[in-house]
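Naming follows writing order (A, B, C, D and E), and every chain is counted from residue 1.
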Amino acid sequence: MIVDCALYRDGKRAEGGTHWRELRAKADRDGDFVWIGMHEPSTTEVHEVAEVFGLHSLAVEDAVKAHQRPKLERFEDSVFLVLKTLWYVDEEDAVETGEIAIFVGDDFVVTVRHGRGNELHSAREELETSRRVLSHGPSGVLYAVIDRVVDEYLDVVDELIVDVDEIEASVFSAERTHDSARIYVLKRELAEVRRAVLPLREPLVRLAGGDEPTVTDQAAPFFRDVADHLARAAETVDSLDALLSTAFDAYLAQISVQQNDDMRKISAGAALVVVPTLIAGIYGMNFRHMPELDWTFGYPFALGLMAAVAAGLWVLFKKSGWL
Amino acid sequence: MIVDCALYRDGKRAEGGTHWRELRAKADRDGDFVWIGMHEPSTTEVHEVAEVFGLHSLAVEDAVKAHQRPKLERFEDSVFLVLKTLWYVDEEDAVETGEIAIFVGDDFVVTVRHGRGNELHSAREELETSRRVLSHGPSGVLYAVIDRVVDEYLDVVDELIVDVDEIEASVFSAERTHDSARIYVLKRELAEVRRAVLPLREPLVRLAGGDEPTVTDQAAPFFRDVADHLARAAETVDSLDALLSTAFDAYLAQISVQQNDDMRKISAGAALVVVPTLIAGIYGMNFRHMPELDWTFGYPFALGLMAAVAAGLWVLFKKSGWL
Amino acid sequence: MIVDCALYRDGKRAEGGTHWRELRAKADRDGDFVWIGMHEPSTTEVHEVAEVFGLHSLAVEDAVKAHQRPKLERFEDSVFLVLKTLWYVDEEDAVETGEIAIFVGDDFVVTVRHGRGNELHSAREELETSRRVLSHGPSGVLYAVIDRVVDEYLDVVDELIVDVDEIEASVFSAERTHDSARIYVLKRELAEVRRAVLPLREPLVRLAGGDEPTVTDQAAPFFRDVADHLARAAETVDSLDALLSTAFDAYLAQISVQQNDDMRKISAGAALVVVPTLIAGIYGMNFRHMPELDWTFGYPFALGLMAAVAAGLWVLFKKSGWL
Amino acid sequence: MIVDCALYRDGKRAEGGTHWRELRAKADRDGDFVWIGMHEPSTTEVHEVAEVFGLHSLAVEDAVKAHQRPKLERFEDSVFLVLKTLWYVDEEDAVETGEIAIFVGDDFVVTVRHGRGNELHSAREELETSRRVLSHGPSGVLYAVIDRVVDEYLDVVDELIVDVDEIEASVFSAERTHDSARIYVLKRELAEVRRAVLPLREPLVRLAGGDEPTVTDQAAPFFRDVADHLARAAETVDSLDALLSTAFDAYLAQISVQQNDDMRKISAGAALVVVPTLIAGIYGMNFRHMPELDWTFGYPFALGLMAAVAAGLWVLFKKSGWL
Amino acid sequence: MIVDCALYRDGKRAEGGTHWRELRAKADRDGDFVWIGMHEPSTTEVHEVAEVFGLHSLAVEDAVKAHQRPKLERFEDSVFLVLKTLWYVDEEDAVETGEIAIFVGDDFVVTVRHGRGNELHSAREELETSRRVLSHGPSGVLYAVIDRVVDEYLDVVDELIVDVDEIEASVFSAERTHDSARIYVLKRELAEVRRAVLPLREPLVRLAGGDEPTVTDQAAPFFRDVADHLARAAETVDSLDALLSTAFDAYLAQISVQQNDDMRKISAGAALVVVPTLIAGIYGMNFRHMPELDWTFGYPFALGLMAAVAAGLWVLFKKSGWL
């Protein structure tokens, strides 16, 4: 579906015309460019556009099929970029992914979006208020889209930092917690983020290096800035991953320590029963001459002895930390 | 065995002639090329072909003996590529490997296949319907074969993702599972896939870079596309491997947690027996003055006391989660 | 807030003038430069300065917002550097971070500092006593600031070495210690330090390589020296991290060993009770013909037997290291 | 000791003459070369040869002392290569190492061998039957020696694969096995192999790249082929090492699972004794009114009750998998 | 303190003159050079020398303060190298570190040594007997010092190999050993060695590459030789570190296996007491009709039964490996 389409001239959206063929025809001045935004388009829609703008068939195929790897492909007169989009679903504590494919030529930008998140409409509105960026032409749009996507990476990473903090608190809490499943799931999400972030680094380096023909020299610092944000995301993800591994090891240690504590508690508890049982056994012996047996208060004495011994053990174990 | 053999002219299969020597003789126009497909050929067969097409003896040796490492070797007027083929055997949940060796010259392609999987017949049929690819000549065939093989890597990787998901479910299920052998086997399969995928990256980079003389410039984007699919396979394998390691750690944690749970259950169970034993021991003492012994309902009282204490402990342990 | 501002001429601070616009106007001789020091300035303050000195808007944005990644950005006629500052808070055994952004042009330096630590005032005072460094102009200031920051990295690293030594002592002490939380926290701090140190390496290599236009050739050895200190910090952090991992493993081993010791102690303790209980049980049997039962000293004999057996077991267990 | 020595002319061993000085004198035609083979020679022997052929003193020193690292050293008019040789000693399941040093000039080859394995005599005989390789002159000999050594690496690696398979079978067998020592030893052997294989990669890349003056262009594909075999050895070693680590983790998991099984078996066994003991305790109580005590078949009833309870528990534990 | 000082001419130590200023003045022929050796000199001493020889102030600072990182710094007309020295203290099984800083110019060498070990006096004496090395001038001295230091690295590494072998023997011995502290300490020493070895690689590569102006071309192979020894040290350290990690894992496994063995031994031991207790309990029951109670040899029979059952269990447990 074609979601939005406009002609940009002199750093602002030109009035009039809504169909892309019409706009394409009007884009005849130097610096004019058309931006066509699609969302999960049909193959036909994309092929129509591809034919007019001369997009490479392989790139078009990649744009239609989602689940591509982030990459930058340079063709003779255009550049093709695939980006993974990420967003955090609060209800499920999960990271979801979408995809944006962008074709950038001298006088056109075609964006193809897959998945729910990261709609580009607001990015376009924001961009339209910023002449500075729009005046860079299609490179400006390319920058704006990547910047938006990478900012959302940072948002996702911030959410993951919170999750790691929660796990950390849980692992080191005094309570018995079952953290391994959560740590596993979080590691999985981090891997997901990494798959979006890491392959994008090389394209951004190329864009920032000004090697790509469609990127103007003045735009390079902007891409360097985004590359830097991306590097921050990547570093944070790596460092969260390492922290989670350490947290997992700490969790394993907690389990062992708890088992040890339990074992000592159980043993102490057992002693409180087993020692009185020995006393009972002694007074259950059938010796003819056992003075205590004939005492008037022999029985209370025996019970008292049991209680006293148990109490003594209790104090002993409490002091030594076994109970 | 020579499985198939044909002359290609103007982007389609030429009629007439079946023996490769004959076809070779007919391939006299510019752009003509012969494609000889062999399956586990005898040394003699390969040497005959090698002599006519001037294939390098080392490459021929590698093509006859299977178990080579994926590699791209450039000789004066031809290119030699070895590929590992992979396929997933559902019945055994196992990855099997075969091998394809390809010689590509200006006017010929010789493919030598080992192992059951990845027959090239359908690849050839598919290719014959696509003039676009065939018109690139031998490079087109090279691309088509690699593309087919790499697509099968992605299929295998998809199956492995399912296997990892199953293991994940098993590890985190409430039941007692024995997952270490399965995780081990899966790690082994991942290593197998990695051995096919990783060494192929460098050849594809070289093909995509257009450095190889037999690869036309227009073919380069196609090889870049395959290189990208290969990169996706490699990244997924790495990330599955890391996930499996985490899953294994989680499995170890589960074992410890279960042992702890068992230990507490056992201790609670023991308490239910040991405490009544103490009571029995007490009433087994031989004191002369033990009022309960003379009660008419002393015996039922004692049994009731035992039952009550046991029931009390039961409730206590249930509440504290030990039983 | 603008914290300090001065004009430097001939390697020393020029008298007179306090407002930066005024100083800027006076800086008309060759080699003159103005150094404006700000601390958590308002956007307006920075923008005013940026306009006069022609600072790039992206860099200005990064300077105002803290939480950037260390980086060196070169613009047409100036260099922009972001540094993380680190300091160790003794009371909390924690590493805290701040940030310094520096703009260096041919005739100006603007430093923007965030966070409590690493005030630059003393660095400036120290610098003002050193003509040698000041005579390098803005590069000299840049060097002085980085040198100061990196020296503080080394101070922080020294504190962390002490922390690791403490943990080491705790892990290998005879007492039961709970070190996993401390190790985790320390690993977290190391990750914090690493995030400051690692991304700074590449900027320093570039500065040391003399590739940056604003850095004079004579200044290069100074930056190489700082780069070397940074490398030392990085290596120490890596090696502390590896040591902590080993210490953690050792801690896990200690837990296991202690559990084993406990188990043997408990078993030995149990034997001291259970064996006498058997003896009591034997003399509680109701056989008609049990000579001991009729002995005058049968009861003391039985008690003595119990004590003797228990004592014997005690000695046995003591000898074999179980108690 | 000089083991063999010959003059090669026109791709075959020339007749006549056995002393190397004599052969050296006869090697006056273009393409002639002398190959001197030594085994653990005395310093004097090597120095004599070195003087005549102008070998560099440092290389000579390295050739006499064994325990060098594999390396390729280029001098003005000769090349010096050190190789580790490996062989597998079946009786001890161990990898042993030796060393070969080779000096290659335009008209001579000097090989110095240390250690028992990898005698070069058969390599020489094999080479002498192959005019193709010998016609490459000294480079051909160099190739033949390296090829032979690397082939033996692959043989050793194949043996290690068998060892890993055995360990794998042992770890996952139902029996209680003690695999940690074997895994450790195997990891040690793998490290040994790695020390031979890894440093040889760079020399082979250089030889395969045709950068070395003594290597003819036609010989380059041969060295590339060997480099490829070496890469296969290296990859297999890495992948075996990773598998062993996983096997070790699996072994740890097995121990834990077995301990858990043991604990449950023990507990179940204990229950079979403890519950009858409670029953015995109950009928050992001294209540005046206990009807069962007066029953004629009270005693058999009690024994039956004990047996019945124990049998019930047995069935219960069997069903739940505790016994 | 200036330890030694001499003028070298024509590859040997020139007679006469002991003060370095005097010697400096005499060094007026081509190829002459002065070597000043200092040990932990005062700042004044170094500054005097530095002024005369024109040493860079930063390098001088590094030479006076110890605890630098190994590095090679090139200045206009001199080279500055910092080396860590290592030696093994047998009594403490510990590695200690010192430092050597060397300034090398066209006609001078200044060595500054810190720490007890690696005195250079013997190196100088040895060097003075070797015209070959001395004839390379200051580069020869530089080589001799580095060679000496790196040889001592190899000695230290050999000692560490012995330590690792001891730990290995201890871990796999049948006895209960506490190896974690030793492994930890050894890992720490390895890290120490690594900190000396790794940063030296890059300087040696530069020296071996002949890029440094003060290093003559003929000296390059010598530096390559040292670089190779250094690489061997580095590889051995890495491989020892990996072995220690495996040994640690094996140690953890041993602990678990021992705990398991203990648990089974304890359980078997408990059975030997608990089953007779049950028998005693049975004959302690108060049934009126228990034939055994009236037997003349009832009591010995009961004791015999207990002993028989215990013996039976003993045999059973011995056979199954529990005792």
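FYI, a residue touches a chain if its C-beta (ideal position, glycine included) is under 8 Å from a C-beta of that chain, and two chains touch if they have at least 3 such contacts.
Note that this is a predicted model, so its numbers are computed, not measured.
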Just how many steps, at minimum, does a route from subunit A to subunit D need if it may pass only between touching chains?
-> 2
Contacts shared by subunit B with subunit E include exactly D
Could you name all chains that are in contact with subunit C and with subunit D at the same time?
-> E
Do subunit C and subunit E face each other with the same patch, meaning over half of the contact numbers show up on both, or with different patches?
-> different
Working from the CA atoms, figure out how many degrees subunit D turns to land on subunit E, in steps of 5.
-> 70
At what distance in angstrom does the C-alpha mean of subunit C lie from that of subunit A?
-> 26
Taking each chain's centre as its mean C-alpha position, how far apart are subunit A and subunit E in Å?
-> 42
Could you check subunit D for residues that touch two or more other chains and list them?
-> 252, 256, 259, 263, 270, 274, 277, 281, 284-286, 290
Could you draw the chains as nodes, link the ones that touch, and say if you get a line, ring, star, complete or other?
-> ring
How do the chains line up around the ring if the path leaves subunit D toward subunit E?
-> D, E, C, A, B
Contact footprint of subunit A on subunit B as seen in their complex = 168, 172, 221-222, 224-225, 228, 231-232, 235, 239, 242-243, 246-247, 249-250, 252-254, 256-257, 259-260, 263-264, 267, 270-271, 274-275, 277-278, 281-282, 284-290
Can you check the complex and tell me which residues of subunit C touch subunit A?
-> 56, 58, 62, 68-69, 71, 73, 75, 178, 180-181, 183-184, 187-188, 191, 194-195, 198-199, 248, 251-252, 255-256, 258-259, 262-263, 266, 269-270, 273-274, 276-277, 280-281, 283-286, 290, 292-299, 302-303, 306
